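By letter and in written order, the chains are A, B, C, D and E; residue numbering begins at 1 in each of them.
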Amino acid sequence: GSEGGPQTTGIPAGAVTVFAASSLTESFTQIGKDFEAANPGTHVTFNFAGSSALAQQINQGAPADVFASASPATMKQVTDAGNGDGDAVTFVRNQLVIAVPKGNPDRVAGLTDLAKSGVKVALCAEQVPCGAAAKKALDAGGVALTPVTLEQDVRAALSKVKLGEVDAALVYRTDVRSAAADVDGVEFPESAQAINDYPVIVLKEAPNMAAARAFVTYVLSDKGRSVLTEAGFQAP
Amino acid sequence: MTPVLDARLVVERGGFRLDVGLRIGAGEVVALLGPNGAGKTTAVRALAGLVALTDGHIVVGGRRFDDPRAATFVPPDQRPIGVVFQDYLLFPHLTALDNVAFGPRCHGASRPAAHETAARWLARAGMADLARRKPRQLSGGQAQRVALARALAVDPALLLLDEPLAALDARTRLDTRAQLHRHLTDHAGATLIVTHDPLDALVLADRLVIIEDGHVVQEGDAATITARPRTDYVARLVGLNLYRGRGIGHTVTLADGFVITVADTMDGDAFVAFSPAAVALHLDLPSGSPRNTWPATVAGIQRHGDNLRVQLSGPIGAAADVTPAAAAQLRLQPGQLVWAAVKATETRAYPA
Amino acid sequence: MTPVLDARLVVERGGFRLDVGLRIGAGEVVALLGPNGAGKTTAVRALAGLVALTDGHIVVGGRRFDDPRAATFVPPDQRPIGVVFQDYLLFPHLTALDNVAFGPRCHGASRPAAHETAARWLARAGMADLARRKPRQLSGGQAQRVALARALAVDPALLLLDEPLAALDARTRLDTRAQLHRHLTDHAGATLIVTHDPLDALVLADRLVIIEDGHVVQEGDAATITARPRTDYVARLVGLNLYRGRGIGHTVTLADGFVITVADTMDGDAFVAFSPAAVALHLDLPSGSPRNTWPATVAGIQRHGDNLRVQLSGPIGAAADVTPAAAAQLRLQPGQLVWAAVKATETRAYPA
Amino acid sequence: MSKHDNPSTHHSDVLKPGPPAPVAPPRRRVGRRAPVALLIPAALGLAFLVLPLAGLLVRAPWSTLPQRLVAPGVLTALRLSLLTATIATVVCVVLGVPLAWVLARVDFRGRRIVRALITVPLVLPPVVGGVALLLVFGRKGIVGGWLNETFGITLAFTTAGVVIAEAFVAMPFLVIAVEGALRGADERYEEAAATLGAGRWTTFRRVTLPLVAPGVAAGAVLCWARALGEFGATITFAGNFPGRTQTMPLAVYLALEKDLESAIVLSLILLAVSVTILATLRDRWINTP
Amino acid sequence: MSKHDNPSTHHSDVLKPGPPAPVAPPRRRVGRRAPVALLIPAALGLAFLVLPLAGLLVRAPWSTLPQRLVAPGVLTALRLSLLTATIATVVCVVLGVPLAWVLARVDFRGRRIVRALITVPLVLPPVVGGVALLLVFGRKGIVGGWLNETFGITLAFTTAGVVIAEAFVAMPFLVIAVEGALRGADERYEEAAATLGAGRWTTFRRVTLPLVAPGVAAGAVLCWARALGEFGATITFAGNFPGRTQTMPLAVYLALEKDLESAIVLSLILLAVSVTILATLRDRWINTP
């Protein structure tokens, strides 16, 4: 219900607080500006952090209107606690690629090349979405490999490639795109089996329900999508 | 008149046990003397409340400060005391002036008033020039004078001075002693002064209490103690030869059988004391009046003021004072055999 | 023979300036005396290398230890010294035994050997029983004896003792002094001992150096200094009345015009000294032999040994010793007018 | 003392030398050489601590530095960091020094356990610490719920929340450092103060505290630096709101999402500021007593 | 001294009282009451530090605790945490105590800057610290590249890397705490040692170090606890591989991604172990001198 919010009319106004996964930092900051321009009188405030930390904050009563998560699992923590208003909607998807140092010195062409001895690979830990996706992809390709590290998040895995500590890492396409100066991305077919969904939801205790809904609608709109696909995300 | 201080101090620490009774009247000054490790500092600390009694009691001005049986213990800051510590314990971060002003401040004086009091006390201690110095910038004697001023500045009912003059030079010591004497004469409370200097005790104290190994061994005014020492330590302090034995008529027989003839009549356990100056030394058995003569060996010779002090071993140990001229004439040297003689009239005998 | 120690110590700190020359021969013991704050501890610290000279030099056994002009400075641990500090500075975390063993260990002795040496020194200091105690568990005098043992145990070429006996009780002091004397007699190196006790100086030292306010004011053997004090402080130390004036024949005229008749013939600047015992007090102007008589006011009376010491003000300040009987007869009390008389033969005059 | 109190006249002025030279010469350097056995590990330790900084400096995008410096959020975040770290340090000193005193000077049952519990925020991964803070001080938390209902105060996601998170993480440093200093201090001075009539509070304020000032200063430095670098607990408990709760470490975290270089630049700014502040403050502070 | 050295015979045995009672009675508690002005902030401070732990305890899934405890990776991670934190502490003590000594006792130019630089790892967000370590000790790093080419040693992704990351983050605590203690210590004991022939190294080892032992202990506790809780630099520099570089905080962080309860359980295990170790060790350790 929208009662209790400062706005009960359908026209969004006032402040919207969006809790968003930190991988959305750049695209959502842009979308927020666009949204404010499209809806004068609104003001979007972001809280970017790891999805699971955001889920904890929301479940502990954080004053948030919208939650955009980098994985369905963390979204589930919020909806299971009954803090979502309605169902979560997947607004983008992200696909794995193999990140390799610029110029691909080890000539990695596909997943199987990662299993070669002497190739140091970083994966995400299974607990985080990119790790779960990587496992799915490797299973799908029937590739067994022993990574040297199971990173906490995509960024950490990527920076290991950037700094030359590993020869390859399974990361999202968006990440490779933002680090294009230092790394190349190698697409591989098995990634289709391991696509990660980004869900978004309006929260039940949203202080500004109307604006929250308007924001989610804006993200799902073509304008919002275009910003996201520009950053390398796929439309669902 | 009830005494200001009425205490029985029993403290046990490690293997050491202190057990002394102390009563000090209003305006009275008691000197606490005793060899190193006798428990003087421990007694002072117990009175100050820095160490708890294991038994006994401390009553000051009718107030019970410490009584293990009654589970009473008044902490040091609530006792009206002033303490000069053997190692001063001046606050290293405060100037001499602030050190002395500390007590008055704690007793409620305003800052300027406390500083004024402190400046007055420092001036009396001859430390006015150095009032702004930190303790680390003071010499040992200067620090001790500040410590004395600090303790006196709170005008305490019970003043506890643990060797307050030990670091002073001879001249300052004389002045400070005289001044302390004047102060103590006016002081309405009780004073306990620990000292190793018999002169301090004689000048400053109305009464002497001598402890050894945690126990009182002798107590009284200076004249009595000087005349009738009852232990080695006291005899040494007042410079007498002292022996203990059984008296029968005009003789006192020591434990090892040596017999001393004395002027007084004695019956039962008795002490015999005589001055080293009363001991005459001869190369041959002297004939004539001295009733006590014995062969002795020179164990050591030291200068002693203008004279020489000769340590004798033999049937009884003794010290003898001789003039350098006599020593030269006798050609005294360690290991030499001599005859020692003491006239009975030079001895003093008294019941043990 | 070149001296073991040849030093000129110039140290400036704050407003204080020390500037003394010191030469000590092999086996010689020099006592450094002086009022509080005269710079004795500073001199010891400079010799030990704990404070740097601002000028002068320190040469020990031909080795240059400190010389600001030559930019030479040998750190303390490379100087063959032993120091007893005025405040002991026993290592609080080590037992008495380990404190004493510390030096031998640093000089290369094995652990058992160092412990053996330490035990021997502690036993000599009468501290064998307390060898396992930590410094906090020792009394003041016990700690000082450990400190002395610690300094002696390294058998240094230059022994620096800063009031090493101040905390000892009278009896232990006598024993320790005697023992230290024996030790120093055998000691091949040089010894500097700081003390406030004239007796310590007389017993232990071959020569006395007296400093005041950072400068040497008198220097010599005990007899000379006792006989001919040259400053207030020294006069006090040896217990004499001292005046300075201009001598012409058998008279010495003080700055304020007072004339003292003396037995010796003097010409030019001169000192006059006489003992307080030489001052006779009379209620009326005495007739007869005393050549010096003057009216005086009793400023104060103190016990002094068996006698009373009377402070006199008047044309010249003086101290007079009288027996209690005489005092009673004269009914002496502060403020009273008396006549003081000193025979010319009791005075000693010597060039300033 | 009157002029005639003593048995000799005063003429020491005659005997005294001239007054000392008014200006003391500069003190000579006579420091003993430091032993190699200490210098080598010290140099290694220093290198170990400082080399990574050199790495950052090498990698920093110096050419673009000026424009990054003036990027909008940076100064705000820096100001917020300094402000919150300083307030957190004050809070830690006010609560932590008494706590350290109690641990060092009061003999109570369970002291050993309390002393070990103090280290909890050190061992707790900061993110979990943030969650724990949310559980207690959050809007639905034990204390936070009550605060919210009674006074309408919320701490989470506010600048006050940042201070709380930083203080929680940094306080143990202060407490343990100060307790160490208190245990090392000579208690006999406190006894002397007591005999002069000083109660425990006066003794604490006028004797104990000045004596352990170097320890308190060291603890406060640790505390401030740790608060300044705090990230995990802050982002979890206070969130990451620019201008309100986004401190420099949080900004660095977000910059890391974008590119390494921005993160390095932001870190270097934080370092430069804190090192400058510490270098100017600390020598003065630590040398006070 | 011989029996006859003194002028009186020895009979003190006659005068002495009986021997003292062999057993000393228990010492009475005569502690002065602690002042409220200190007790109240101390209690507040303690509550502030301990309440969040209470929050965790309330939230912990006690019923499922046993089965979570025996979950495969937990013990391995715990063992690795304790091992690496302890080795890191040893490294910090070996390098950090000399460094603290140099800072406190040697008067050199630039000391003030060095002292401020020591705090760099405190202020640096740990993740950036990890990056900085990679830049230096990584495979392509300044030192790491050389190590790799010359000896074939890589530090990243190894247990040694964990130790390096932890030591880097924790060393400043030790250095600053020990330096504070050294400045508070009475230098006159060091002078006394010098006059007994002890060089600076001997003085350091046999006098200085024992005197500041409580400060070193406090610093080591800080250091160990901080190393035990280290997360950001470790995961960045050493990565996260179970059994090799996955310490408890890393496990906790990853558990947090799944569910809060597992993370809380893991944190509580870590806390319980560290608090127990500290409670048993520290009282003994800190009371040594």
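In this section, a contact is a pair of C-beta atoms (placed from the backbone, for glycine too) under 8 Å apart; a residue touches a chain by one contact, two chains touch by 3 or more.
Only a predicted model underlies this, so the values are computations on that prediction, with no experimental measurement involved.
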| item | value |
| --- | --- |
| For chain A and chain D, chains touching each | E |
| Busiest interface, counted in C-beta pairs | D-E |
| From chain B, the most remote chain by mean C-alpha position | A |
| Most remote chain, CA-based centroid, reference being chain C | A |
| Intercentroid distance (Cα basis), chain C paired with chain A, Å | 87 |
| Centroid spacing, where centroids are CA-atom means, of chain C and chain E in whole angstrom | 51 |
| Euclidean distance of C-alpha centroids - chain D vs chain E, Å | 17 |
| Length of the line joining the C-alpha centres of chain B and chain C, rounded to whole Å | 22 |
| Contacts with 2+ other chains: residues of chain C | 14, 49, 75-77, 87, 171, 174, 178, 232-233, 236, 300 |
| Residues of chain E engaged with two or more neighbouring chains | 5-6, 32-33, 131, 134-135, 194, 199-200, 211, 253, 256, 260 |
| Set of chain A residues in contact with two or more other chains | 53, 56, 159, 163 |
| Chain C - residues contacting chain B, complex | 14, 33-38, 40-41, 86-87, 137-142, 145, 163, 166-174, 178, 181, 196-199, 202-203, 232-233, 236-237, 300, 302-303, 305 |
| Chain C to chain E touching residues, read off their complex | 48-50, 75-77, 79, 81-83, 85, 87, 89, 91-94, 102-103, 106-107, 126, 150, 154, 171, 174-175, 178-179 |
| Of all residues in chain A, those that touch chain E in their complex | 50, 52-53, 56, 73-74, 77, 120, 122, 125, 127-128, 147-152, 156, 159-160, 163-165 |
| Residues of chain E touching chain C in the complex | 1, 5-6, 188-189, 191-200, 202-203, 206-207, 210-211, 213, 289 |
| Contact set on chain D toward chain E in their complex | 29, 31-35, 37-42, 44-46, 48-56, 58-59, 94-99, 101-102, 105-107, 112-129, 131-133, 135-137, 141-143, 167-168, 171-173, 175-177, 179-181, 183-186, 194, 199-201, 204, 211-212, 214-215, 217-219, 221-222, 225-226, 228-229, 231-232, 248-249, 252-253, 256, 260, 263-264, 267, 270-271, 274-276, 278-279, 282-283, 286 |
